[in-house]
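Each of the two complexes below includes chain A, the first together with chain B, the second together with chain C.
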Partner chain A sequence: MQNLFNYIARKSPIHELTGATKLVCLILWTFATMMTYDTRILIALPIIAFILFGISKIRLSDVKFMLGFTLVFMVLNNILVFLFSPEHGVGLYGTCHQLLPLWGGKYLTAEQLWYHLNLVLKYMSSIPIILLFVCTTQPSEFAASLNKIGVKYSIAYSVSLALRYIPDIQKEYSEISKAQQARGVEMSKKVSLVKRLKAASSILIPMIIMSMDRIETISNAMELRGFGKNKKRTWYMARPFTAKDILSMVFCGLLLVLSIWSNVSRGTRFWSPWM
Partner chain B sequence: MKNSAVKSIVAIGIGAALFFVCGRFIAIPCPIPNVTINIQYGVLAFLAAAFGPIVGLLAGLIGHALIDFSWGWGVWWSWVFATAIFGLIVGAFKKLYDVDKGEFGMKQIVRFNVTQLIAHIIAWGIVAPALDILMYAEPASKVFLQGLVAGASNIVTTAIVGTILCIAYAAAKPKKGSLKEEQ
Partner chain C sequence: MIEFKNFGFKYNAQVDYTLRDINLKINPGEKILIAGPSGCGKSTLIHCLNGLIPFSLEGEREGSLTMDGKDTWDMSIFEMSKKVGTVLQDQDSQFIGLTVAEDLAFALENDAVGEPELHDRVAEIADVVNISSHLLHSPQELSGGQKQRVSLGGVMIDDVDTLLFDEPLANLDPETGKKAIELIDEIHKKTGDTVIIVEHRLEDVLWRPVDRIILMEKGRITADTTPDELLASGMLKAAGIREPLYVTALKYAGVDITPEKKSASLDTIDLTDDDKKKVRDWFNEGKTETEEKNKENILTVRDLNFTYRSDRSQAEDFHALRDIDFDLYKGEMMAVVGRNGAGKSTFSKVICGFETPDTGSMILGDIDLSTLSIKERADHIGYIMQNPNQMISKTMIFDEVAMGLRNKGTMTEEEIEERVNDTLIRTEKEGDHSCHHVHGARDNDTGRAHCRPGLQALYRDHGVP
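== the complex of A and B ==
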């Protein structure tokens, strides 16, 4: 079966960090990239991200598929932004340098190209870190780390249950789907959309009924074992923090502070050479 | 913790897993980029109707976040929150179309569909585009079109898939008062 969450077990300093550290770093990092449009920071972040990628011993060939997918997403998003508002950058940066005439009296502006460069840089700074997180964190450790950063343990346990049962439900889906296809249920492009949706429902009904039974069984089993009796619980996959963990979190925290400070000190999220 | 609390936790987990599998493997492509016709909203609407607002909110949140994660593009939070809001709203009016009681006739079908229609409009017409503009500084016309297309297709799929699931589940449940004491 396809390995969905793409955990790749290797020996590297990044793998050795605890799941909670990586989750905190991921959150801090994505917020740092999300907050700012300061191009100077957005150039530095991808460079650091690629260095970290090198340290993690995850090779580009390992994440080829995911990376390709994300790049297509990025390009489409850029094209869509451009088509819908070719002068969006002018509004954001407040200056206007016309380069080429476009349709409907609009112009291709240097600001628009600058805005697109920033969008691409934003993707470049967050994608490697997300891939790094997905590839170096074991799914079961992920649930434990959610609890560690303050998410209620019942919710962390729900995430853990979801991760545990995704492969089971996936298998169930393919079995039911084959059984229904053998009975002549058509889901391909040959039939109309409404028919396809109805066909999908005929697979979903047995799946839902089985899942409802499963919910009953699991909750009874948990009940019998006294789940939720205490305010806290321990996790098999949880590990204590080391100096390396604290150092990484401080580093990512500083990045976020830098990103916020750059916004606050200049009074705007945006930065361009013309400002 | 009462029995229902443990059951909700399990329902959130299994619901998120169902949402994930449906969203990841049964996606039907459509012409607008980054948007697929998704049947998982029918499943989420059903789960919210059966288990209530908290399960709807969290199953949607976890399920959608996991889908985004598994694609590797990072979590597009604005849309994840929109999904969660949709689950919350449908679940909040659970009493109007109690599928648990084993009855899902014309009256309940209409109530269920009106609620899901309004919930989708709020989620994709207001929450998702507003958060997109706020968090990602994208042009308004683009995010509203994306929201419109996603919302419209989700309304259709929820109307078909969600209604069929509710009818099937209610039919499998014993009706209230279906057992009589022997004379």
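== the complex of A and C ==
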């Protein structure tokens, strides 16, 4: 079964970085991508991202579900931007190269296509890095790293628990679904999709009740072992920073500086061959 | 020392007191067993001891409960968790840590214990409970006995002086259960901690000696005595607790069980020559009856193989069923037994269509089961799963029982109503109750829900929890 968020244990330099480093790098990288529309930088970032992805030994087949999901989202985003504002690029870049007439006296412009290229590049820069973070960071290390950058530990722990239970809940769902089929609710391909969807509602009540039970047990177990007692807690999985960690953070920090510098030095966030 | 004085407790959501007139003293270093039928208030008593009452579960109390002279109502749950460590019943969902090491470390992490002490103490406790070789495994991957060790280690690391076990034998097969009881005994001897075991599998707990047994019924303590006295009293049977099988056998043979015969364990039991003669006579008189029935084959399974394919939760393929051949005859009652992980549940899942076998045939009457969906198989085979919560999907018992018939769609509502009421009367239940109010009884409800016409086989997974 394909899982949305899942740590994949392999040996790679990316896996060896501490969770906190990866989280800081993810934030710096995302900001560097968001800040600028300088296409030269936006071409460089995905290239580095794909190289890093290769280094991490995460295979494309490991993440195909998430990848497909985000690709659909990217296409949808582009279509919507185009439909609502087909001449957005003209306004941004200040030049106008008309290519084809569209509806309502509007034109398909080279600027608009250039803008969409930039959007796609932004996706291609951030998606691999997010996937990389999710797949190479153990949930408990993730919690420790959130806590390290200043998030309250109770919140950090809940986030990691939630991430961890996603596979469990998927398993639970399929078990309950089978149990309900054994009670006479037909959900196999022998009936229409509409009927199957309707039948899936019978999974809901057992699912809710079991989740509630589960939450009660785990919160009791945590409380009985002193969770929430002190303002601070330590983490078994927390590791001290090594030179590699510092280096990675400095590298991502430089990318952000480059991205900001490109904007500031030219006085605009945008770049096109016609400017 | 833990002391209950005229103690009673009522949950806010309930009208009646769940616990009444509890007078109980537990001395340091004692090992006691609390037994009682489902719904007798054992869980509430546990919650009072570990502090979940009154901190998480609120209600009214009578009398007093003190721990080392201090009223627990004046303590915090954290203060209590330093005194009493609880090993919860639900093995799988009580694990908090992602790995065994983290789970062991959890209490220390919360105390903000730093390096290198954190890693050292985890290594030390892992050694005590003998789980060192699995530190980086996920607790879910472990066997039942290993899970028990991890949860025990997780509470022992806090240096508590009382260990509380909530049904430690649930989900363990007899052999693993014995090992768990041995482990508890070993820890008790090594640390001198007070040990409180709450369990209704009496015979298994008595595999190692306990100082006292507290018997609970309907929220009250009805006996507080040594195992020898209690077994001689006959109170267990009256309370609905199964006494050790050898005691039942002795009684059948006409042996009078008295406290002096030390029947708490087969190692200590002391029978007179007269008793021994009675047992021999009884044994010789019994004959095994074999009755040849008119055999009509209803289910034929040949050459069945099934493998769980490796995925992220499991590194290697697991060949769970190997070359299974068997026949089931009409009207027969058959039990499938085996230890944890032997494939009993997998077998039932394959029969019911939850899993698809690698090879083999399953013929029900003259139908090949592999052509049927789960639902279609369910028209012929009723399956009561181990976890009733997965099956119950309606709010009211009546609707729950009627669900199967309604799904079938071949009966009118009047016919369904008649059939359901008939089933409910047969099983002594009223349909206008909410399913989720009947906690301990849920399991039986799912059983009822399957009593419907046309069933050719009824399959029950772990009918005796």
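Here is the rule we go by: the second predicted complex is superposed on the first by the 226 of 275 C-alpha atoms of A that agree within 3 Å, B and C clash if a C-alpha of one lies under 4 Å from a C-alpha of the other, contacts with A are read in each partner's own complex, and residues count from 1 in each chain.
Just so we're on the same page, a contact is a pair of C-beta atoms (placed from the backbone, for glycine too) under 8 Å apart; a residue touches a chain by one contact, two chains touch by 3 or more.
Predicted model only: the values in this text are computed from it and were never measured.
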First, second, both or neither for A:His116, with chain B first and chain C second: neither
Chain B versus chain C as contact partner of A:Ile209, first or second or both or neither: both
Greater chain A contact set [chain C / chain B]: B
Chain B versus chain C as contact partner of A:Ser85, first or second or both or neither: first
Touched partner set for A:Met66, first chain B, second chain C, both or neither: first
Touched partner set for A:Lys178, first chain B, second chain C, both or neither: second
Touched partner set for A:Leu197, first chain B, second chain C, both or neither: first
Partner chain(s) touched by A:Met237 [first = chain B, second = chain C, both, neither]: second
A:Arg225 touches, of chain B and chain C: first, second, both or neither? second
First (chain B), second (chain C), both or neither touched by A:Ser154: first
Doubly contacted residues of chain A, that is, touched by chain B and again by chain C: 6, 164, 204-205, 209, 214, 218-219, 222-223, 227-229
Complex contacts: residues of chain C adjacent to chain A: 50-52, 55-56, 77-78, 81-82, 85-86, 88, 90, 93-99, 101-102, 105-115, 118-119, 122, 154-155, 158, 311-313, 349, 352-354, 373-379, 383, 385, 389-395, 403-404, 407-408, 436, 449
Chain A to chain C touching residues, read off their complex: 1, 3, 6, 8, 138-140, 164, 167, 175-176, 178-188, 190, 202-206, 209-210, 213-214, 217-230, 232-237
Chain A partner contacts - residues on chain B that touch it in the complex: 1, 3, 5-7, 9-14, 16-18, 20-22, 24-26, 28, 33-34, 37, 39, 42-43, 46, 50, 58, 62-63, 66, 69-74, 135-139, 141-142, 145-146, 156-157, 160-161, 164-165, 168-169, 172
For the chain A and chain B complex, residues of the former touching the latter: 4-6, 30, 34, 37, 63, 66-67, 69-70, 73, 76-77, 79-81, 83-85, 88, 92, 126-127, 130-131, 134, 154-155, 157-166, 168-170, 173, 193-194, 196-198, 200-201, 204-205, 207-209, 211-212, 214-216, 218-219, 222-223, 227-229, 269
